[in-house]
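Worksheet for the structure shown next.
As written, the chains take the letters A, B, C, D and E, and residue 1 is the first residue of each chain.
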């Protein structure tokens, strides 16, 4: 059953990928890339990775597409046809594909429960989480506690990307600014129906984002996903009401404070563990009962992650959208 | 609380948590001051770690107190210690002198971003070095890479942008290949902890996914480390980056990638994959030699001082790889000592270039004609650092060349051919350094350079600190050599010689 | 037949990886390169998630009151959560650079940029 | 039991509608007809399928979630369709009867 | 039963992708993407029951949300582009 789904979706995936590479219209390529991301996310879901599917949909298909469109609006839409040098890369690529396919036959096949990967570390997580942390979502437990240091790093990757985009785009545009009158058309203000529906939806999106944030211990979700969803909600607001309105509601300085504050919150939880006599990122010492301490720590750092991701994605979106 | 057991964590946590604070510091100069202080603290931590390691202390730190294969473990041995010293030292030294150069190249409202990115590079590189977890290396590699793209893109020349784009593409491909390799190993072993991996990979060593993983990891890291045919991103990125950034990154960014490469190929694969040493040698030795020859020749024809030195870096990476690919304790020692010494020499050279660049408008060779009369101290520093790069006795460069040649000669007959190539490449280095010296000392100064003065004191001072370090470690090489040979023995521990 | 299809995911991983790689290497348009790059990364995500799947298992979110349920491997999923965010960050930074290149050179084609840069 | 049969019928109908919509979007001669085919069956198909699944779920949290999804789809689907058609019309694409080339230069 | 429906949705997804590949106009492609997104949301709600994990319905909701925001972002893009090209849009 799963095989049928997988074959269907994966074949589509390959077709879409080929189409993305072949089309010379970049806008079409970005649209196809959105389909590619959704297909990928559906695949993840079918392969039991609910959290990853959620993230890929919210971050990969949603925010990435929006950022790509923002960049396309500032650059070009049509790609020049390639002139030469098509065969060498194609040959290299084909050979590599064959090598990987050859090597795949020694690999445990899809779903093989006897694979070494399922024997060694993973069962420990599945067995011991109930005892040490006592939350049902093992992915969140691994992400936030067992491998919390990775997640700290990841927050700082987002942080780095955010300051990078702001640094690069803080140079004033070379071309003279277009007359301000064109700014009035920013936003979909004169499309009445989307605006009414959109306004109705924005608060519910926030609510849903908060639900995903705090439900992350029990179901699929957590800081990244929630951050991305709330950012999407604000992006929706910006699309409907125009950039200026969104920036009015949440100014850039607040976004910056969110990016820094979230990252600091995460780090401070770690340092608190250190001060209270544990190791860095040891949440057990936060409370007299180690299990409750772990849960407290997880909630706090997930909040930090959500705040940073939301602030960073919005800062990046605004940096692109403001520029024309 | 006792701070000593927490040192490995603090090495990363101190700079990484300062980055958001630096970003919020608006007053002029504060961002620089905070970054410098943080960087000095990181350097002190590194020194404490090194002295601990030299006394035989082993640093293992369990993140979140989760035991090893389940949580992330930091582990520091002598190999990590020496690289830590290089990374934090380069950052602290360059930052102390960097302020005016950065002021000249980066608008003040963009500086907080720049300094925050600097701290992220520092903590990313330190994070790669201290960790004992394969995936954690990937995460910190991405932090340091993303932040270093930001630093390089700060270069005022518009050509910095295509250069950094190329770096981004190649760097991301490298990181992705590394990730594929980790995934393939994880399929076969079920673990991400390097020490655990080393034990468990033994049972599955002859299966094709593991071999494929070794290939992907080696190529991915070689891309990051700019090993010869994969070095294409390096020259332009170094040339158009802000001058002090070049000094910092040239001293440590590629070295850390080499560190991971060596650690993986020796610590994880070497003892388990049969014939891996031979494959590694056959694959790497020709590349290393080509790197030394081709890149040195390219440097000969460069018209831009920074680009010349960048090609020279590619050649020097060739030496490091050559030493490692001999797969002997002596070769590996030479390789690690050279990582240390080359960082010193290249750091000093690029700092001297930064001194020149702050007074002259460009780094083209023709523009530095006769500048030695105006900036004698700077050029003297350049000459001494250049001698160290060439490997003249009495400088640090000599020590590593000496170790390298000894190691190569131990390989017997074809070792002599290798020595021949090393000597040729060193001669090429003499020629391209001489080219600079000739321009600076024996050409008539240009009219435009009439008002040029000596470089600002603090920048000149750190340049000279770097130069004196080159000379000091040329006469007293005990610290790097003892650490390196300990590291080499550790890495090749159970190898049958 | 089903035995062979068990490897199908890995083959698609290889194909998509290399399609993305081809786009990065052979296409001259910078945005196309970034699209290829994110495809390359997605392919790796697929590989990790494939290896996390266990036959007859369900997502690693414990169900109360259900006995002897087996769960898929949570660890690769955690790694990929991290990697997805890394991928988006890289893409965003790359796009910012492309925007600056467009402003500085007036083009986003590699050939034209090389021409404009001169020797 | 009755509920099972009901949900079975609803799901099958929904699947049929969705499929017909897909075929319509592929086979219709120009943009507006394609959009027409796609959007109407989209809404109907969504209602049928989600209600069909709701019959299976019984009264639980899942039903509420499904209801939310349904409301969401019913709000956004037609809105997106309207906005898209509006944008196409404004860009100068005129609805035409029987050509395959009813599109603007963009 | 669920399986049949999922299959029907999957086939529709294929048709949508074909439409996205064929174009011909950009609006056709946007339409196809939109259609694809809705179908994904539907597929997920069905598959969640097929797998017996109805707690995963959150995903379907997010897919629908992303889909909507995506379409609006595309429209905003069109609008910006036509403003940049100097066409005045009438209401």
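Simple rule for what comes next: a contact is a pair of C-beta atoms (placed from the backbone, for glycine too) under 8 Å apart; a residue touches a chain by one contact, two chains touch by 3 or more.
Everything quoted here is computed from the prediction, not taken from an experiment.
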* Going by the contact rule set out at the top, which chains touch both chain A and chain E? -> C, D
* Which chain has its C-alpha centroid at the greatest distance from the C-alpha centroid of chain E? -> B
* **Which of A-C and A-B has more C-beta pairs touching across its chains** => A-C
* So, what's the distance in Å between the C-alpha centres of chain D and chain A? -> 28
* Centre to centre, by mean C-alpha position, how many angstrom separate chain B and chain E? -> 47
* **Computed distance of Cα centres, chain D from chain C, in Å** => 30
* Between chain E and chain C, distance of the C-alpha-averaged centres to the nearest whole Å -> 21
* **Of all residues in chain A, the ones touching two or more other chains** => 50, 72, 100, 104-105, 107-108, 115, 117-118, 121-122, 125, 147, 150, 153-154, 157, 160-161, 164, 168, 171, 188, 191, 194, 198, 201, 219-220
* Residue numbers in chain C touching 2 or more other chains? -> 17, 21, 51, 58-59, 61, 63, 75-76, 79, 82, 86, 89-90, 93, 97-98, 100, 104
* **Junction residues of chain E - those touching two or more other chains** => 7, 13-14, 26, 30, 32, 53, 55-56, 58, 61, 65, 68, 72, 75, 79, 89
* Structure fact -> Each pair of chains that touches is included here, namely A-B, A-C, A-D, A-E, B-C, C-E, D-E
* **In the complex, chain C residues that touch chain E** => 58-59, 61, 63
* Asked: What residues on chain D touch chain A, complex-wise?
  -> 72, 75-76, 79-80, 82-83, 86
* Hey, which residues of chain C end up touching chain B in the complex? -> 17, 21, 24, 30, 33, 37, 40-41, 44, 47-48, 51, 75-76, 79, 82-83, 86, 89-90, 93-94, 97-98, 100-101, 104-105, 110, 113-114, 117
* Asked: Which part of chain B faces chain C closely enough to touch in the complex?
  -> 135, 138-139, 142, 146, 149-150, 153, 158-159, 161-162, 164-165, 168-169, 172-173, 176, 179-180, 183, 186-187, 192
* To do: Spell out the residues on chain A that touch chain E in their complex, using ranges where they run on.
  => 1, 4-5, 8-9, 12, 15-16, 19, 25, 27-28, 31-32, 34-35, 38, 41-42, 45-46, 50, 53-54, 57-58, 61-62, 65-66, 69, 72-73, 77, 178, 182, 185-188, 190-191, 194, 198, 201, 205, 208, 211-212, 215, 219-221, 225, 229, 232, 235-236, 239-240, 324
